[in-house]
Structure formats: C-alpha cells, structure tokens
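To keep things simple, chains are lettered A, B, C and D as they appear, and every chain counts its residues starting from 1.
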C-alpha cells in the first residue's frame, strides 16, 4: 500500500471516504477504523478525506451532505460494518425505505418508512463495483458484489448519497457508492464461528477501491455475486 | 392444512402461484414441487392455480404474463429456490437488472443488463410480507423478510410481475410478490452443512402465505429481517 | 409416524430417550420437547421412556445413571440442542473433557477438566449412526453424522453413557449414542439467518432413529459427514 | 513478523511444520503455502523445518514419521486446510478412525476403518492450544479452538503424530498438535459467501503458534470454542 499513499499538500481532487461510529452494542466500528487510517492519504493523485458519520437516521445523511458540499469530492465511498459477511462488499443498489430491526444510536427505529417521500424506489450506485471487487481479490483479500445494503442506516446513507449525486451539477459528474466491510477479529472473539478480516486487509481493500474508483471509467464485465 | 384446502368448482377468485423448473445442476426445484402441491386448492375462498415457469430470462416473464392475462388473479405469488437460506423469504423489492452468475436454462448469461430500458430502478412488492412471515413462523416454520431477490431469473420474474401489476387496470388493484424457498433435504445430502426444510413445511408455508395475502389489507408493523 | 407408534402395556423392552432442560438463555429445549413427544410410544416393539436431564455437569450423568439402572434399556439415545446446525446429527464420539464456554445451569464452568480421571480419551458411540442418518434423510428430514459433541454437558452425558455401557454386564450388550437436534423456528425469530427445523420433523427424526437403532445390527457403509 | 524470523545457521532446535498438498479439486493448499513461507525461519531461537505431506492415507503418516526421525523436533505442528472455517483452529483431539467423504489423492476412500487397530480411541494434542488462540487473536487474526479434525487425512496425520509422540523416548518430551487453516481468497472467488483469510495472515498466525508453542509450558486457562 505504501506505493499508493504518500502524504502531501491539499490541492488534489478529493475522495470522500466515510465510516460509521459503533452501533448495535459494539465498541468499535471497523468501517471508521479503516476510513480514518486512510485520512489524508494520496491515492492516484487524489487526496482522501475521511469523515465519521453518526449511526442515526437523518443525521447521518445531514453530516454526509455537509461533507459533500465542503469537499466537493470527485468520488465518494461510504462504508459501513456488515457483521457476518466474509469480505468487502460494494453495494449495487440503495432502496427507498428505512426499516430498522434495532434502534439507531439516537433510539429511533423507523419501520417501513420511505427515505424520500417522492423519491424513486431505488438508486443504483455509480462506482465501478465489479472492477473494485476484482482488484481487491487480486491482492488476496476477499470481496464480493452485494445486492442489498439492508434497510438500516447504511442503506439510508447510500440512498441519500445517490440522491445527492443524481442532483449534483458538478461536472464531470461525481460518482459514488457504498462498501460494506466485515467484522475485525477482536469483535468476534466471543462468536468465533463468525467470519472476520484483519483491519490491515480492510484498509488495503478500501485503498484499492479508491484507486480503482478514480482510474476506471467503465466497470468490468464479469459475473459476480450470488443468485439470490 | 386440511382445514384450509378443499377442492371444489372453478368459480372462485384466483391466487396465481408460480414455481420454477430446476436449474443450476439440480434435478428438482422445491418451488415448483411446493406450488404444484397446492394446485386447485381452495384457500380462504380463493382457488390456487399453479404454473411452472422456465428458468430462462425473458421467456419466464412471457409465461408469467400469459398466466396473468388468462387467470386474472387477485393475488400472485411467484416462488423460487434460494439454496442456502434457512427458511421461506418473501422479497421486499425487485431491481431493474439482469446479472447472471451462471447461465440460465437456455444458456443465456446477461451481465448488468436492464430488464426494462425505461423502467424504474426497482419496484417494491405489494404482498403483506411481514404479516406473511409472522403467520408462517406462528406455525413453527422458519421464515424471514428478504431485501434481495438477487439478479438472476427470480428477480427478473419478480420485476416483470410488479411492472405488470403497476400497469394493470384490474380493480381492486391486484397484488403480488415473490417468495424464496430453501432447498429440501434430498438436495443437500452431499452438502449437509447447508440448511434445508422438509417439502411439507414449504407447502404449508406457501399455503399460509396465500391465506394471509388474500385476508390482509395492511401489512403488519414489525421489525424483521437483517440490518444488511 | 402413526404407523410406528401405538400406545400399549409396559412389558416391552425399553428404548431410553433423554433430552435436556433449556440452557444458555433459551426458554425451551427442542431435545426435551421432541423426546417427551415420544414418551410411551411403541416403536418396533419397544417402549420409549423419555427422561429429562438437567443441564448440569455431574448431575446430568447421575440422573442418566439412575434411569439406566431403573429401565435397563436395550437402546439409549441421549439428545441435546445444537443451535445453528441445520439437521439432526448423531455423534460419532464423546471425549474425556469438560470445557465449558458458558456456565451450566448450576453456575459451574469447568475448564479443561477430565470427565473420568483414569478414563480413556474417548469412547465411540455404538448406535448405527450412518443407517440412522440415511433413514432420516429418506423421510425428507435433514441429517448428518457429526464428529464432535462439543465439550459442554452434551458431551459429558455422552461420555458418561458410553462409559456406563462399556461396563454393563447386561446381555445382549445394550447400545447407545447421542443425537444433536437443531433449534426450532420459534427460537430463531430474532436471528432468522440461523437454521432451524420444525418440531414435528425433529420428533419424526428421533422416532426413525429409535426404529433403526433396534432393527439394525451392523451400521451402513456410507461416506457421510464433513472432511473436517 | 520480521522481528520473529531471521535466517541463520542450522544448529538450533527444530520446529517441524507440515502442510498438505492440494486435494479435493483445489490447485493450491494454503496449509503448505503458509508452512513453506516459514521454512528456515528462526522463531524464538528455534529453526522451522517445513515439510509437505501427500494427501494420502498411510503415506502421509509415513512421510511425517520420516521427518520426525530425521529432524527430532522439539515441537511439531501439522497443518491442513479446513475450507469454510473463518480462522486458524488448533485441534484439541485426534480420533482413531479413517472415514473419507471423498477419495484421497491416491484414490483410496476408507470407511469407518481404525487408524491403529489396538490404538486408543483418541489422543489429545499437547500444544498449548488456548494460549496459541489467544496470541493469534491478539495480533488481529481470527482463531478458535476446534474439537474435531474430521476423519480424513488431516485427522489421520494428527493421530499418527500423537501416537508417535506418545511413544517417543526423546526428553524433554516433544510436543505436537494440529492446526487447521482457512481457505485463502483466491480459492473462494466462485463461492464468495465462504470465509477466507489472506495468506499473509495465515503465515503470521502460524509463526505466532510456533513462538507460543516453544515458549509456553502450561496452556492458558480460558473458555474458548463452541458448545457443540
């Protein structure tokens, strides 16, 4: 990774990389641990700006919006923890519903509530997701394309991001998407049957995603993911 | 189940129940085995018509469309096999993409291709999915709400169904959705670590789904499913 | 199952079938729910006697010993809950160690302690385990051979049983073993990604196991189970 | 890891580290890839000798026996691939049975055959397994104690090793055990729902195991592993 990341001045175009604060009883969130490790890294001529989002419906989207307006990133990658998944997983789509199985960090638990009342049922993300999966795998790190970001705050943020990007007048059109990351091993000490991935590997995977996102215009043609 | 299903004449309103032919190297598809077991059953005053769909992009939607025109069902439940899932799973949403990890039964393997070029990114299904999950569980059969029907022929059919229903002028507006079913035990004899469910339980679960679908106008308010 | 089980007088040879009380925060234990459903059933000319064991190291073996002395069963099948497994699982072996990841129901949590100080490292069980797996599967119920009963009270009881049988002077030599059963669906409502099996199917599976155990002298020759 | 491993002359006591050749349709075996990466490393004053074992019943034990006689290791760690497990897993016990679900690399598929006709039902391994698990986890790599090495060539080798060590007159008594390792990501590209671990992390985990094995006399007291 060293070759990819050198620290320098702040004139480069920006990659916005967000992670979440811990939730659901965890004391750590690997998405933020990984994002913060890349803060101010220079990847393929772009500067990474890492921002931590609260795990709160509404407020998470607001903090994201503020960062988008401030940094005007050419690429935005929001990340979140997907406990139980075995590798990094770019999300294909965000759907227009908040439906929380557990309360968020402010105690809210919306059920079957649209995110945007007049918004479309879904947005497809605009990162080169398959090229990202292939590049991460090529470095010996598990990754797969995912067809659902769930209906909790992760999907909420992904939908908000794609709605913001769809309305953006910035040119060239900025791109963005969402990547779920697995638990790290310290989170599964009490449930070792659950997959996890060393934090180093997650950081490396996200650095690769940033690099591919700024260097790839057309996504790879490949069959990835699961049938259902 | 006997109390629910008695056989009688053909004047009742119709529940259309589809299953798929086998695919992916399997010699049986539990979705069709279960659907056929309910063919001509009378459930809550409705007659079940079971139709087998080919596991072929395009043609599956065509066969479904023909059945919809012919039977004018008030409720349509398409079902498909989701190998590896531990219970029945009503799908919340169908997305506008065909992206096949394996070839369909006609050898086609579309990659990242829209189902409907000008169609919306997604349709939400219109069955009372949570009430269905709760009613199936109440009979001691595992079930959960799912947020992805994948991007293979199952999602293709679910999208085609919801598009058809969205355009239908039939009143009251017909409803429909998709339910994934697990493997049955004979399919996992060589991979017994994979969950499965006895066929009886799947049939019973689908009968319950039919009953709830025709009797429930507003879905249950409940927190179900996974965070991601 | 009706053909197998008719209720009659108490002169038949006995199959002892044990299940456990709930543990680990559960309010129900499917092993006992299934065993009690077969209490006093007549299977292949044998009468089932069901006994509930406490989930307590030492005491569980004592209660089992008392039942063995009282009923002098020709076949003993102890059962326990193996949450997370997808089917019924006869155990091949019991090992000479108590090593509890959680406290038992009396609060004891032995770590790396031999069950029998001078006992062998392990006992193989003496049921026709593979024939049982095959017969259960033939009825459309998931089953597999298991190579570990863990190191909690289940393994403790299995070891105690096999030690008792090894020392028994009863002739013909009584046989016995251990079968783990999955969660039932009501236990996984909050974690629906976990496999479960309807109670009916578990009861039917254990009835089949009883039948095969008394009718089969030599186990089936078959490749079952996992590599590791 | 660099601090642990420096290359030097050949007068140090030996840690024998074995891995397997590929089997079961794989073209690579992460156990041997990891072991070979540590060949001739110096860990805590001991020299690692890595030996590849054939995945063949009988012959694997013979190659192991030859290496044991030649190198007279103070610690022996045999390793094997356990596809599907999420982390490194020291094995607690090896049982006296060959029971192959698939043929070995010579086409043999023994079923329910004792490894040693008069041997004990099982041997417990003699590495400080729990201390190894804790030390690997402390470096952010997933690990857990396992209660079954299966009944394929891995268990066969583990049993043969422990039998050899039990009979050894070498003093101080040499110690040994078996560690299963997960798939590496390139093996699961077509089944990305299966857990895997980067090869780097496996190598690091085995280096830690070697270090702990030679430095720890009494195993840690800890509750690890699963209930069943």
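Basically, a residue touches a chain if its C-beta (ideal position, glycine included) is under 8 Å from a C-beta of that chain, and two chains touch if they have at least 3 such contacts.
Given the structure is predicted, the values throughout are model-derived calculations rather than measurements.
Trainee: Starting at chain B, how many touch steps does it take at minimum to reach chain D?
Mentor: 2
Trainee: Measuring between Cα centroids, which chain is at the maximum distance from chain B?
Mentor: In terms of C-alpha centroids, the chain at the greatest distance from chain B is D.
Trainee: Have a look at C-D versus B-C and report the one with more C-beta pairs in contact.
Mentor: C-D
Trainee: How far is the middle of chain A from the middle of chain C, if each middle is the mean of its Cα atoms, in Å?
Mentor: It comes to 46 Å between the two C-alpha centres.
Trainee: Would you kindly tell me how far, in whole Å, the mean C-alpha position of chain C lies from that of chain B?
Mentor: So the centre of chain B lies 37 Å away from the centre of chain C.
Trainee: In whole angstrom, what separates the CA-based centres of chain C and chain D?
Mentor: Distance between chain centres: 31 Å.
Trainee: Give the residues of chain B touching no fewer than two other chains, as numbers and ranges.
Mentor: 193, 224-226
Trainee: For the complex, which residues does chain B have touching chain C?
Mentor: 86-87, 137, 140-144, 184-186, 188-189, 192-201, 224-226
Trainee: Which positions of chain B touch chain A when the two form their complex?
Mentor: Going by the criterion above, the answer is residues 24, 80, 82-83, 85, 92-93, 95, 97, 99-102, 109, 111-112, 120-124, 130, 147-152, 154-155, 180, 219, 221-228.
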